[in-house]
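Structures incoming, each one as structure tokens.
You will see two complexes here that share chain A, one where it goes with chain B and one where it goes with chain C.
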Partner chain A sequence: MSNSTKLDIQNLNAWFCEKHALKNVNVKIPDKEVVAVIGPSGCGKSTFVRCINRMHELIPGAKASGKALLDGVDVYGGMDVMDVRRKIGMVFQKPNPFPNMSVADNVVAGLKLVGTHSKKELAEIAEERLKSVGLWEEIKDELKKSGASLSGGQQQRLCIARALAMNPEVILMDEPTSALDPASTAKLEELVKKLKNEISVVIITHNVSQAARISDMTAFFYLGELVEFDETRNIFEHPKNPLTERYITGRFG
Partner chain B sequence: MDILSRRGRERLIKYICLLLTVLAVVPLLWIIGEVVYNGVSAINLEFLTALPAPFGESGGGIGNAILGTLIINAMASLFGIPVGILTGMYLSEYDRTSRLGSAVRTVIESLSGVPSIIFGIFAYSLIVLTVRHYTAIAAAFALGLMMIPLIAKATEESMKIVSNDIREAAIALGVPKWVRTTKIVFSIAKGGILTGCLLAFARISGETAPLLFTSLFSFYWPIGIDQPMASLQVLIYNYAMSGFQNWVIKAWGASLLLVIIVVSINVIVRRFAKPKYKAGV
Partner chain C sequence: MLKEPEYLTKINAEIMEMQEIVESIGEQVQDALKNRSSGLKPVATELCREAQIREELIVEMCVGSLIRHQPFASDLRALTVAMKVSYDLSRVCRYLRNITEVLEEVNVKNCEVKEVCELLKNAREMVRQSLKAYFEKDQKAATNLIKSDESIDEGYRMILRKYAVQKASGNCILFNGITARIVERMADHACYISQETIYLVTGRRTDYR
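Entry: the complex of A and B
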């Protein structure tokens, strides 16, 4: 099942001041698959994901060491940090569209703010990306409205469209459905499954059954360590580590 | 606690708030009413466009003072608004925690409490004493300095309340910090910043003390920004104290005009800067 490796993370360590938040993590994220990241609160899931697009280091006192090779190029050294974040998109727990921009402008915000695209190109990209997240039919008459006027689930898909508009190679999602209602969650899960036709997806989730439903591979973190990383089927049917088994069966965390 | 007493208390609080609001608004309306009542008879074309008549003669106008106030306020805004906004931006986006940041913050907060006459004396000793004559530049400098703390504080607070989620969204898109600061955070905070600028403008439009030390007054049309210049504030001060009926009426007219200028600039700026989207931060 494993394709070639998209993102090769080697000996990744992260700290918040003195606190060692991530301990020597090694993971190979495959190309065009969905990797779920699970584990109890405070286990380092978010830190792990934020190390990949170098957002961890923005917190005062935080630092990271190790390598994260995107197609063989280290995001810590081989690339400009802005390029890293353009190639590795991110979607957050709380939908965060820009309230000062229209729906259409939100989708192409990244390109509009730093790129040199013409108005026509931007409009085309906006339409294409809204279609790929399944929002186009719902909101094509409301493109001029504020991004913040949509419902929560629509806002979250808008944020995904905004990340996709940068043509990323990997998209990171930090509990993207935890603020959404069940119907919106279902739509978003469908979208995640569809996305892997194009790019790699790393998705943090508190919902173990969501990990089972949508991911190809699952990583289980506990106290800053990567306890187990395997195909999702193996993790859920034959976990090697007793901690993993206890977590996925809901006995702690 | 039965429900009626709770409702009663609810209503009591509401009416207390209403009463206090009325108490606050009545003197304001009174002042405006008084200014309009006494000032409106003074206003005519000659009043708006002519030079002041010599002491003891009737007629004449305050055209030079209107123009002078507009020039001085414009120069002060040209200096105070950019410096104030950039200072606030620095405090909110670039330096929230360091010693320099908190030192700047303390200075800004103390400056906004400094009496205006101090700004006047400062500009007087720095500029007027150096060039050895009264000058409108010194007036604009003093008033601009007064605007900075007000605008910086408003900018800092308005930008600070923009949610960090929004900043993270921009970071994750690979948007450089200066673009994020100017095109996203600043743009979202624009309403609050604009309010701060307008308040600062209104405040300096009423200041007389700094002008007495700097631009002083002139009975002629402004001929250069490095010369003494007439202003509505100083004109009101001089005329109101003169005891000469023609001038006292003109002081009322000038007061009314000052109110009209501040209010209309407020309305015009707000009309042009109407936010595209009403959605919250």
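Entry: the complex of A and C
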């Protein structure tokens, strides 16, 4: 277990117009660990991760208060929003490769926008990142094909490669395997476990078994509140809060 | 308390069946010991075999439930505990059968067996109470049962002390020493069941011994 904190969330609140979606959340995300975020639909999981990289504020009527300190610097205070999203990458439920771009161009799309790399450098980064997500051997002869031509699981790993190309320090994943078959899910889970050697990963999942398999820490949310945050083994073996127990044993509702 | 899932109810029903087998062997061994009679070994062996089959069935049901239901928290603990309890009961069966083997091998017609009879009676009661605490998820009763093991240990030591100095015939010394040791181990398994019960209820493992 890591001792250092990568993200320190303090008194985080979020609203959608009048609806108080996230209520005074305090949590420390450790460096180079996988944190699973679980809870029933509508409990604030997605709002929580979207607040971390300031995507919440893109929604009309949405607002947030509190602090999210990345290595001690508040993403709401002292950082440029683009810098926040470069350092804190995001992978969504549905893979979203750019359909009009090749596989290789998809990986380096973000870097191209920055415009500081040569073609050779971009090709090297694309290869390196495709290797790190385990896609290189599968598609090295199809780099010029459209990203949309890949299977769902490959597309999701392509999106992770695209996020990794920006050298993020944290990756947020919002149900990244919900649309994938078991084999693709297994590959992505292996990738998540590997990623923590380099960065912190926060992953939302409705699959509690998946949370138990891949995470070091687990956060359980209910009605916008962080009910319990503990080592995954503790959460799944002997949770402290009866609400957590009821949720993970499937006795909710 | 959360309602027990159906698969756990079925598994516990099998554990109750195992308990009945253990009780049946226990009663017969108690009588054989009191009467210093041999000849029970084939029956005990057969009953032990039945208990072993049930243990294997319980493990199979637990593994199947782990795969099908992927339980967590108290449900997960209940399955791991059920497997261990069935193992402990199987061991208790084998210890009881061991007593019938000793009765078979050692001539005890003229031996004093009162203390060892009492020790066995108390150990059987411990097994019964440990299972009651398990089925009722009674942490306090399980904790008390572990504490009561001291009286079995003391009874065992007392028998050893007595026969270490007594000028009884060799076979009586041998019989009482071996049987007391078997019974003492049997009571240990009652304690293990209680330890598992405490883990089942609290989620914490503590070595109470």
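Simple rule for what comes next: the second predicted complex is superposed on the first by the 251 of 253 C-alpha atoms of A that agree within 3 Å, B and C clash if a C-alpha of one lies under 4 Å from a C-alpha of the other, contacts with A are read in each partner's own complex, and residues count from 1 in each chain.
In the analysis below, a residue touches a chain if its C-beta (ideal position, glycine included) is under 8 Å from a C-beta of that chain, and two chains touch if they have at least 3 such contacts.
This one's a predicted model, so the numbers in the text were calculated from it and none came from an experiment.
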Aligned on chain A, chain B and chain C: do they clash or fit?
fit
Thinking of the overlay built on chain A, is A:C159 touched by chain B (first), by chain C (second), by both, or by neither?
first
In the overlaid three-chain picture, which partner chain does A:I199 touch, first (chain B) or second (chain C), both, or neither?
neither
Looking at the overlay, does A:M90 come into contact with chain B only (first), chain C only (second), both, or neither?
first
One more residue to check, A:R251. First (chain B), second (chain C), both or neither?
second
Pick one for A:I29: touches chain B only (first), chain C only (second), both, or neither.
neither
Superposed model, chain A: greater residue contact from chain B or chain C:
B
Does chain B (first) or chain C (second) touch A:L12, or do both, or does neither?
neither
One more residue to check, A:V208. First (chain B), second (chain C), both or neither?
second
Would you sort A:S149 into first (chain B), second (chain C), both or neither based on which partner it touches?
first
Taking every C-alpha pair between chain B and chain C in the superposed model, the minimum, in Å, is 33
Chain B and chain C contact sites that coincide on chain A, given as residue numbers:
none
Footprint of chain C on chain A - complex, ascending:
208-209, 212, 236-239, 244-246, 248-249, 251
Interface with chain A, chain C side, in the complex: residues 2-3, 70-77, 202-204
Quick check on the complex: what are the chain B residues that touch chain A?
97, 163, 165-166, 168-176, 179-180, 183-184, 187-188, 275-281
In the complex, the residues of chain A that touch chain B are 53, 55, 58, 60, 82-86, 89-90, 92, 94, 96-102, 109-110, 113-114, 145-149, 159, 162-163, 166
